[in-house]
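Please find the structures below.
You will see subunit A twice below: alongside subunit B first, and alongside subunit C after that.
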Partner chain A sequence: MTMADRIPAPAAQPRADAPETARLGFRLTLPAQILVLFISVFPLLMQLYISLTDWSPLAGVSWPHAWEYWNSFANYTDILGDGRLWSALWRTALVIMVCVPVEFLLGLALATLFVDDFPGKRVAYSVLIMPMMVVPAVAGYMFFMLFQSGGPVNDILSWFTPEPVTLAWLSDPTLALVAVMAADIWQWTPLMFLILLAGLVGVPDDQLKAAALLGASPWARFRTIVIPRMKTIIVIALSIRVIEAFKIFDTLYIMTGGGPGVATETISVYIYKITTQDLIWGYVAAIALFILIALSVAAVWAMKRMAK
Partner chain B sequence: MSAIRLENLVKRFGGFTALKTMDLSIADGEFMALLGPSGCGKSTTMNMIAGMERPSEGRILFGDRDMSGVPMGRRGVGFVFQNYAIFTHMTVRRNLDYGLRMTGRPAAEVAKRTAAMADLLGLTDLLDRPAAGLSVNILQRLAIGRSAVMEPAIFLLDEPLSNVDAAFRAVMRTELKSLQRQFRQTMVYVTHDQLEAMTMADRIAVMDHGVLQQVGTPLQVYNDPANIFVARFIGAPGMNLLPGRLAETDRGLAVDLGPLGLTPPLPAPLAAAARGGKAEVTYGFRPEEVHLDPEGAALHLPLLLTERIGARNILHLGETGDAVRAVFPAGATLPAGGTVRFAPAEASVRLFDTASGRAIRGV
Partner chain C sequence: MNRSPVFEVFRYAAILIALAITLVPILWMVSMAFKPVAEWQATGAALTWVPRTPTLDNFRFLFGQSGSDLIVALDRTAGKPILSSLLSASVGTLIAMSAGTAAAYGLSRFGSGANLPLALIQLRLFPPMAVMIPVMIMWAFLGLMDTWWGLALIYGIVTLPFAFWLMKTFFDDMPKEIEEAALVEGCSRWRVFTRVTLPMMAAPLAAAALFVFILNWSDYLIALLLTTREWVTIPVYMASLSSSMTGQLYGAKAALGLIAAVPPVILGVMIQKHLVRGLTFGALKQ
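Up next is the complex of A and B:
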């Protein structure tokens, strides 16, 4: 018998008058509410306002006077015809569709290896998660060096080919995208590995033993016990990486700057360029709101599907 | 075919020896309980029978077949885990037919055997319910059914009742025993609860510190414990064990228990056996086999407290509380305090060699 069994529970406190409590609660959280309004709602409204104008920092008036450049919904109709925006979105989707599954499969395979003990596990573990700790800009610089036409990647490839390989990775439209994806996979597989390892360790050992005793092969155990039991954590891992990969910027920007041409221009790079180079801030605000709404709709749809 | 033989079985984990040279034969269709306190090696033994652990030495035979190197999925062993290890992410049906599906039986056979097993265990109405959130007795039946549907020749149960509250345990014991009668398999049942072992098992193997102490029917183990450990472990409360020295009296050989006094003379066969051995012996008798003896030349101890537990009363005699316990039926007239004079029934007296702990048995 534990102590909790013996000690009688304290008599329930008489409940305070409910409206009174609610009012007090409101007053106590008021500062936090104002803060949230200021840091979240206000910028959104400001963005919405600017997105309905042609205002730019060169306009000569400060942003509250942006109404002088009112253009109704012209920015939003421009979005529909902006080919560069749509191809940037498509390219971002491509990066997500390639990188996230590869990171997931690599991470899962590595995590499976790390469930059981082996000599040197701790060292291997530290080495494995190191890429995650590298500042993305530094990772970009590292891969920029690796993928030079005279760089180590070509040197290593040359070992397997009769002719020396002199691929111009970062100036070929297709290869540049491959190099950028390789950097992303290198840097973010460890995160996938960490999350999935936590999930794998949580799979009850006796269920695996029970399945083995009932004659299930290792692959069958993985399919029928491990994966279903890790479903939640797999969803979390994939969600985190999809959201993060959508925002891919720093590594890529250092490696290619979005080039050659617009060959590796993802949505973040595109927005960065039109913000700092073209200075069409009304349009940028419209794009940002459009993506926010599109992503929210997609997220709600995905969550509804997963709940089924 | 489904008899089990353990030959010189040893299990070491690093420098720790979990099981020291165990030999045990379990007959076909027998219900064998492995009984002992936690850490005695009983679960290790069972895990080796199941193939989850590899023996460090010795071998395990099912019938005449040496099982070393046979993976656990191919041993034809049903295993019920302590927490049942039900696949809670599946339905009851998917749990029940898991083994059949995983071993690639035809769909028609899977459906037929699953339905038959569900019917036998009264699970038919629950088949399409998720396995999560079922009550403990359903989980237990499901765990047994999931193994039984594979028709294993050998059934291993690892403390299946330890998660159940006391009232329910009695129900489950009956249920388990009747299930075993239905399936007629060889059963090995690991438990630390002697009541489970005594009520269900055909034979009990008592273990302690990785050593097999005694194998026998529940009554043999209860009446004739092979050593001091078994005597103390079996029975609730366990046997009274009082260290003393053999002493020759004018009425025959007795044991001098020091401050407690001199025991009544030992029964003749026991006295004969004791004469050959060491003088330092431990005098044992069951608490149920004590009678009050206010006039006789009996043992005497102060009454410490009286426990009244409904059907019987337990007297604690001695200075510290763990010296001697005596059990009387509820209606018996009991002393209220002071020094109690008592004597054990002559037939219930057991002697043990204090140094080795082994029983001294009169022939």
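Up next is the complex of A and C:
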């Protein structure tokens, strides 16, 4: 303890301790600032440098000497002609465009059922939010088992068909994509449910009752009272899921490894593979920077749109 | 509001279907974890939803006791990967919570670090895969590859945004009168923070820490790239439980999956009233 701590400070005037608070505020935020700098500025500069070379970890020289493999902007022009990259990006977009709306609609439908009290609500709620707490890699393994050709999914489907169903889910290009999306929807619909329910509960009951008394149909009440009040929440829920779905890796990689062939290869899987198998790190750095820049532009654009 | 009986029937039917879809994948893994080898791959008419002869062999196998029907023996047991997951996730949580809580207080009370909210959101926006090359080079240079402490450091950074945003909203919501009273009593700002504010925030701190722990515990991609053998975590180890020789060790993997899935599900149910706040960076409260 220092002397200053023992001597009672003069009665707290907002201005009197301004230097002390500024100093303390700086010290409190310093560790977080250092961690952010440590993971952003230096790695980005390193990435930019490597992306201008053909350097790889097998090159025989350490990365500061990557200039020996200088190739100007060849990596960046390669990006334009990289069909596998563009189809991985398209596939990622497809996953987002299918999964996020389905998760949203299912989550919203479930949430509307949970606004009023009913017996067993707490238990049902606790069970329904479980999937999003399952480790994604484990969820991937669960669905890997479920979608085996002799597995439970085909078994359940066989209850409804005359012949036993023996679809080879994970080795058919189209079905594998469906299976991977099903796993994502299973795991993340609860997130939508949770967030949207929190929003629905906040919609004032008296307005809804008044509208009902005036003869508004349930759909009209939903559209004119509930939706406008939920706008921010809906935007937040959708943004979070779009951002996270863009990163999709764990469940998918465990289920299919991006296969068969490249049928379920999303952008993270593609970058992972060329990082660990092809080891062309100069090119990977260029792709990574390209993605970072594209995402930043998209984020700024989206934020401006939302601000309007 | 009064609802018609038709609506009630519909509601229960819909919820029951949702519950069934939620539970089938989980229950299938639980069932598989207790199945003997002979039942792992039973298909068609032989497919069993409940193990015919339940056994703990899969769990014994994971911890190195053979003598079951499994021909292969593991060259490494599940003990160390479990330890690795526990250590890296807990110390990562400690790093994220310490830096995050301090910074959140600094911003909430003194307006310091105004750049942090946006910087940390950006950190969350980018796919980890897009920054892993520099991280792998740095980690190799710092001797952090294939260590639990190297994982803990990156986990601390990756989950810092959640720790920071959660604690910021908790501090913003806290009434300032008590802190002001302590200041008038003559406490320094630092003492107010450590002796008054933090003890009052014990419950939110614990909830935020559990939330961050679940996130760290759930990682697969980062551990896949930063650990190779000594300190692989549970998900990485799990993926290694199959080879061309042995094929998929279904039951053993399910048993390990069960071990990995139980802590976060229990913790998550414990902190469920804070989940919305955590998942939306504090933008929404329940």
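Side notes on the structure shown:
Note that in this section the second predicted complex is superposed on the first by the 272 of 308 C-alpha atoms of A that agree within 3 Å, B and C clash if a C-alpha of one lies under 4 Å from a C-alpha of the other, contacts with A are read in each partner's own complex, and residues count from 1 in each chain.
Here is the rule we go by: a residue touches a chain if its C-beta (ideal position, glycine included) is under 8 Å from a C-beta of that chain, and two chains touch if they have at least 3 such contacts.
The structure displayed is predicted, hence computed values, not measured ones.
In the superposed model, A:Phe222 makes contact with neither subunit B nor subunit C. Within the superposed three-chain model, A:Thr275 lies in touch with subunit C and out of touch with subunit B [touch as defined at top]. Contacts of A:Tyr69 after superposition on the shared chain: neither subunit B nor subunit C is touched. Number of subunit A residues touched is higher for C, counting subunit B against subunit C.
With both structures placed on the common chain, the touch criterion links A:Gln207 to subunit B but leaves subunit C unconnected.
On subunit A, the surface touched by subunit B in one complex and the surface touched by subunit C in the other have residues 209, 212 in common. Touching subunit A in their complex are the following residues of subunit C: 1, 3, 8, 11-12, 14-15, 18-19, 21-26, 28-29, 32, 41-44, 47, 49, 95, 98-100, 102-103, 105-107, 109-113, 116, 119-120, 122-135, 137-138, 156-157, 160, 164, 180, 183-184, 186, 188-191, 193, 214, 217-218, 220-221, 224-225, 234-235, 238-239, 250, 253-254, 257, 260-261, 264-265, 267-269, 272, 275-276, 279-280, 283-286. On subunit A, the positions that touch subunit B within their shared complex are 204, 206-207, 209-217, 220, 224-225, 228-229, 231. Interface residues of subunit B, counted against subunit A in their complex, comprise 50-52, 71-75, 77-79, 81, 83, 85, 87, 89-90, 98-99, 102-103, 146-147, 150.
Residues 4-5, 8-9, 11-12, 17, 20-22, 24-29, 31-33, 35-36, 38-40, 42-44, 46-47, 50, 63, 109-110, 113, 116, 118, 124-139, 141-143, 145-146, 148-152, 155-156, 164, 186, 190-191, 194-195, 198-199, 201, 208-209, 212, 232-233, 236-237, 240, 243, 246-247, 249-250, 253-254, 267-268, 271-272, 275-276, 281, 284-285, 288-289, 291-292, 295-296, 299 of subunit A touch subunit C in their complex.
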